[in-house]
Amino acid sequence: MMTIKTKILASFLCLATAGVARAAIAGEAEPLTPAYSDFQGKTIGFAFPDRQSMNIQKVFRDNAVYRARELGWKVIETDAKWDVGTQSKNILSLAARSDVAGIVMLSIDYVANNNAVKQFEATGRPVVVYHMGISYPSAGHVGPNFYQMGRLFAKTMTEDLGGKGKIALILGDPNSQSAVDDLRGMKEWLKENKSGLEIVFEQPANWDAEKAKQVTKTLLQQHPDVAGIWCNWDVQCVGMGQALKEAGQVGKIKTWTEAASDVCFTGLQEGYFTKCIGWDTRDQVRRAVDLVSMLVESGWKQGDKGIVWNVPLYIVTKDNMNDPRVHRLAFGEHSGYVSGESN
Amino acid sequence: MNWPGLRRVDKFLLKNQLAVLAVLAFVFFALVSPFFASAFNLQNLAREGAELGIVCVGATLVLLLGRLDISVGAVLGMSALIVILGCKAFALPLPLLVVVVLLFGAGIGAINGVLSSVVGIPSFIATLISLVILRGVMQWASSTEIMRTANSAVSTDHVFLAIGNGVFAGIPTSVLVLAVLFAATILVLRFTRIGTSIYALGGNFQAALRAGLRVTALEIGVFAFAGFCSALAGIFLASRLDSVTYQTGQYLEFYVLIAVILGGTSIAGGVGGVWGTLLGVAFIGILNNGMVMLTVDRDYQDVVIAAFLVFALVGDQYLNRRGETARRWQLADLWTPRQAKRR
Amino acid sequence: MTSAALRLEARGITKSFPGVRAVANVDLALMPGEIHALVGENGSGKSTLCMVFSGIYRPDSGIIFIDGAMVRPENPRHAQALGISMMYQESNLVPELTVAQNVALGHDPFLTRQAALVESVAAILRRLKFDVDPRMKAATLGGAQMQMVEIAKALYTRSKVIIMDEPTAALSASEVQRLHDVIREIAASGIAIIYISHALEEALALADRVTVLRDGEVAACRSTSELCREDLVHLMVGQHVEIVQRPTTRAKRGAELVRTMGLCWRDRVRDASFSLYAGEIVGLAGLIGSGRTEVASLLAGINRPDGGQIFVRSREVDLRSPRDALGHGIAILTENRKEEGLFLPLSVAHNLTIGILSRLRGIMGLLSPAREREEARAIADRLRLSTPSLQIDVRSLSGGNQQKLLIGRMLVREPDILIFDEPTKGVDVGAIAEIHHLIRELASRGKGILVISSYLPEIMALSDRILVMRGGEIVQDIDAADASTDAVISRAFV
Amino acid sequence: MEGLSTPAELARAARFQRARGARALFAWAGRNALTLIFLALCILLSAALPTFLTLGNWTIILQSSAIIGVMGFGLSFVMISGSFDLSFAATMLLAGAVSARIIMLDDQATVLALLAGPLAGAVVGVLNGTVVVVTGISPLLATIATAMLIRAFAVLYVMQTWMEIPRSAASFLWLGQGSLRGIPISIFLLAGVAAASFILLNRTGFGRMLYAVGASPRAARVAGLRDEAVRIGAFMICGACAGIAGVINVSSVGGLSAVFNISYLYDVITVVVVGGVSFFGGVGTVYGVALGLLIIGVLKNAMIILNTPYYAQSMVGGVFLLLAIGLDSWLRKRRAG
């Protein structure tokens, strides 16, 4: 049973999260429609991995669509619901549409869409990938440099733990390229800098919060002396946090996660995250849309060198999370806006 | 007492309904989306359809025996993985690679056959197990560094790429191969002892035994053929996508079953054939591609597909097994090894 | 005659199954071109003997010659290779294959040249004066046509001996005629034919010689010219040992429990009308497939009649399921214990009490193991069920005890109309007597009882009244007192 | 051994006696194979891993088996009735979403939310059962189809983005996060479901009929049992259990995302089959399923403790499935042949 204290805490947290949520849907609902734009009458295609399952994906989608409409684009969205095959089918269907001038996408997989993208670009239209990259050198990639992020994580973790201690990694899908780069960077930095941190535990939770919870519990059971936990990202980390709470380890064990998402903010709020390394989720997709627009205008051809535009990384902590500039990293200005005309 | 006569009429109707449906679907999508009938999309449709079709040819024979094979998707994925690995990591000569992969597919199929006919595991479960294990192996393989590098590399081997993307006289190569495979299967079913044996085994086990057919060998052979077909499709897929993930081929088995059963092949065995399957494949292919083209939400796509599966099953129940609907059949009919009914 | 001149010769064929001696030391000799009828009651060993010839069973002892050469059929295929082919009662065709493919099944070359196959099969069909397109699917054939195709199969394999197991069972009179012509025709070409039939006139009319089997032994082997129907019947029946004494005092019949009027079901039961009174045992006699079991299944609600009415205690009832039937006090002991009676993986106790779960309620309406144990024990004792424990698998009980168990389960529902279908099938001698005793006792307690049995002496011994069925119709309803075995047999057989 | 009437029976009785004698040990080992495997595993692991045999670890083993276990007991009902259900994982998602939706609307409607999940599951189960029993189509394929429909329905009409349970819904979250005397509530739930299944299967008429119908549907009909109702009932229970699992899942992590985790499907089937529930109906015990659950749970736990690569885990599952089913079918074939 809950004590009065926890009840109070709970209601406080409730209020806090509610506040966050309210802030999330701040901002105009509809973009200004330009009186004239070079893109009027042209269509931009979006290949989203999923508009629904996570808030951060929704933020990506909302801001991307908003920016496109701002620039006067006609918008057509596709949603793969996390199914790799479906996503490349979606891209090919966009390729079949001669009215689509360019694609902005977040690729579920590092390689699975190579051929689809290639086929699309073969028709002289650019594809810009945001967030995770793909191995095919497409026209452009806007997103964090996960390798560097890994190094930054290593540095931060070492500092936070005073240079030594056992750490555990809770991965999502170990095959996702972002995780691979993360770990590469992290481990390289630890080696190069002779850090005293020792990775004692490395298990995946397949993005499943419940599994993450159980895995974390086992971890705490096995390594009571674990000093820090790195949880790859998003909802599964809620499970990790839950495990920490139930073990009464919140605040005692340092924890880090990726992306300035609502999960990150809630975690910092409730104290089960020490730090998140994030970037401007809104800015990222806006840049992606802008890049595609530029390429279209400048008459991009296949074979031109792919443009890579890495977003700057920021460290979010409980102290700075309420700074509106930091807050905007996670929620941008146009979350909660859903209308987006389809064909 | 001429149920058989009626049944023939019904099946005739059923099959032609399917043809009509397929045409209608095509016309509908062509009207609704101006890009559906574009050369690009049609070729794309043909390629996806061809791969599904190749798998379905094998699966049809399995169903004719009154068995199920749901490992087709995993076998396809694993074969694709082997191709990518062999071609891009070890640069094996293609002909050798192809032979190896086809043998691999046939091998897995044979194992399924043994599990089903000799050990007596219900074929559905036997193949489910192969599926689980194969997926495990694929996860492991795709997490290895060598696989990653092979996967991320964009292939420049034109011969290899031509397998899946090549066009011969305006027709995609995979379609041609499907045509050949299809013709061959028809010939085997019509004009060889194997064909008659398959129908005999599925249609009247007693008769088959009394005629002294080699029951076990036949079953193993058919499963091996199914594996072979999946592997063949896997080769095309690997070349077309120039990459593979551990999810490649996920849920394929559902589409295969739907196509085959819609095509008028009874899951009780002995009734049906490859002609119907081809229609089924065409219909499912058009439906799927068309819905993607119209950016129909993937979940609604699932609803449509599932509805057709139910339709197909009920149709099968009341048309193909009209004579004995008095007796609602138990699971065992699908599962118990027929050998048990010998005496 | 020298054995070389014989097409088929069998000496001292013996085949026994656990507990049963199906065929004992049977000799059989067929001349080329001879049509040899094989007659006998159900279970007299005809089928077993033929299955020995066709390679399905290996004989325990005895030898077989084909054209004077000793052979040992290993399996059906081998037997066919040796020139013996068998036409089975149930259809043996693959519905989805063409007639030609069916005829050639298992004997076609790897690459079947369709045209050639069709031609050769067409030739055979022509020879049988059987005009059907070899290219059409077997699924579309009627009963008679199927038989023709079966014969064509036999001819296709160049058989020297063809065994026909009741080929005319499903045929109309005219079709039978045609079939006989065909058979004579092919016999004329030197093929020997073993013709099993329950239609005695048919056998006499068609065959040159006839062998009568009784309890697995040859009762006689004569040429048909020296026999008339009555002799044949007499030979078949022989002098049976009466296993139970006929009731000296007739149980006096009480009120009418069941009356059926013009029951019809598919083509298996035609216009069956009869009634059953309290306190009497009615025997339902007839051959397998004569519709006995079907009538019972209609009464027990297992099948639903297509036409006709059933009155229970002179109130019309509609029996949709066995549950309904039980509701009206009709319980059945079905013919095949394993499929329709026992729950094999379950324990004896659970099998006994499945029908009376409501009585086992203990605290909070849950089943009380104690009460279950005593209920089960009670039933078991009442039927003198001998089992090491009530907890063992029902599998490990003997046939007799399994049957008693089922009867026990039937009785706990206190039905007043009981149907026993083959009550002593596969039951050891000791148990037979007990079961018969039980049935009598039930009758004397005023139950109405319907007994079905292929074993006539049993019917004769048990019943007060006998209904004889043939081809789905009740052809006779006689008081057991003035019925003679021969009379019944001769009505049961055509 | 009085009252044995025939030699055949005397022989049988003698065999029965002998079984008590020399081959008793083997017979016993054969009957208790699962228990032995389980004990062997435990001994092995506790020797290898110092922390294995601690209360804390066992709490984790049981807690992480809770969801799979609850669904496992449900599925075993359907399998004992001689049928099959592949839609329970989707049902779990739907049920979870339903109760999450309710608790998000009113964070005090705990009871309603807790009941709604299992109720939704039960309804889905009845629909499944009716489709399978009435049309008589293959349960496997039928439930594949219904699974797709259920999932789609959940995602389209019930779910939103990551559904976060308000922290104020304390009593709802307590179900999955709280504990009594250090033992998580979900373990009590698991135990409760196990006990309920045991009572249903062994102490009620429904249970008896379930075994009977599974063992021989025709015999059950002739014996006058309501076979169709019983089979539908089995599906209903399976659905309800999936519902309970869904609720546990939601309240345990305080949220639900539409990302669908297929691995539950395989895990549950593995547990039930390893637990000795036959595919052909009429056979299966709560004790067996519980053992299967423990064996798989212990294996997974050990693999995580040993920090084995994740892919090994699914493979081990597959191999276990293969062995268990292979044995079942092989024995069955021996009996039939």
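Residue numbering begins at 1 within each chain, and the chains themselves are lettered A, B, C and D in the order written.
Everything that follows uses one rule, which is that a contact is a pair of C-beta atoms (placed from the backbone, for glycine too) under 8 Å apart; a residue touches a chain by one contact, two chains touch by 3 or more.
As the structure is a computational prediction, the values presented were derived from the model and not from experiment.
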Touching both chain A and chain D (chains): B
Most heavily contacting chain pair (counted by C-beta pairs in contact): B-D
Most remote chain, CA-based centroid, reference being chain C: A
Separation of mean Cα positions, chain D and chain C [Å, integer]: 44
Whole-Å gap between the CA centroids of chain A and chain C: 75
Distance between chain centroids, defined by C-alpha means - chain B, chain D (Å): 31
Centre distance in Å when chain A and chain B are each reduced to the mean of their C-alpha atoms: 37
For chain C, residues that touch 2 or more chains besides their own: none
Shared-contact residues (touching 2 or more other chains) in chain D: 155, 310
Shared-contact residues (touching 2 or more other chains) in chain B: 139, 143, 297, 299
Pairs of chains in contact (touch as defined earlier), listed by label: A-B, A-D, B-C, B-D, C-D
Parts of chain B lying in touch with chain C, wherever the complex brings them together: 1-2, 4-5, 7-8, 190-194, 196, 199-200, 202-204, 206-213, 270-271
Contacting residues of chain D [partner chain C, same complex]: 1-6, 8-9, 12-13, 16, 199, 202-205, 208-209, 211-212, 215-216, 218-226, 282-283
Sites on chain A touched by chain B in the complex: 76-81, 83-86, 88-90, 92-93, 95-99, 109-112, 114-115, 118, 123, 135-137, 174-175, 180, 342-343
Sites on chain C touched by chain B in the complex: 75-78, 80, 88, 90, 92-97, 101, 104-114, 137, 139-143, 267
Residues on chain D engaged by chain A in the complex (per definition of touch): 51, 54, 56-57, 60, 63-64, 67, 155, 159-162, 164, 166-168, 170, 174, 177-179, 184, 249, 252-255, 257-259, 261, 263, 301, 304-305, 307, 310
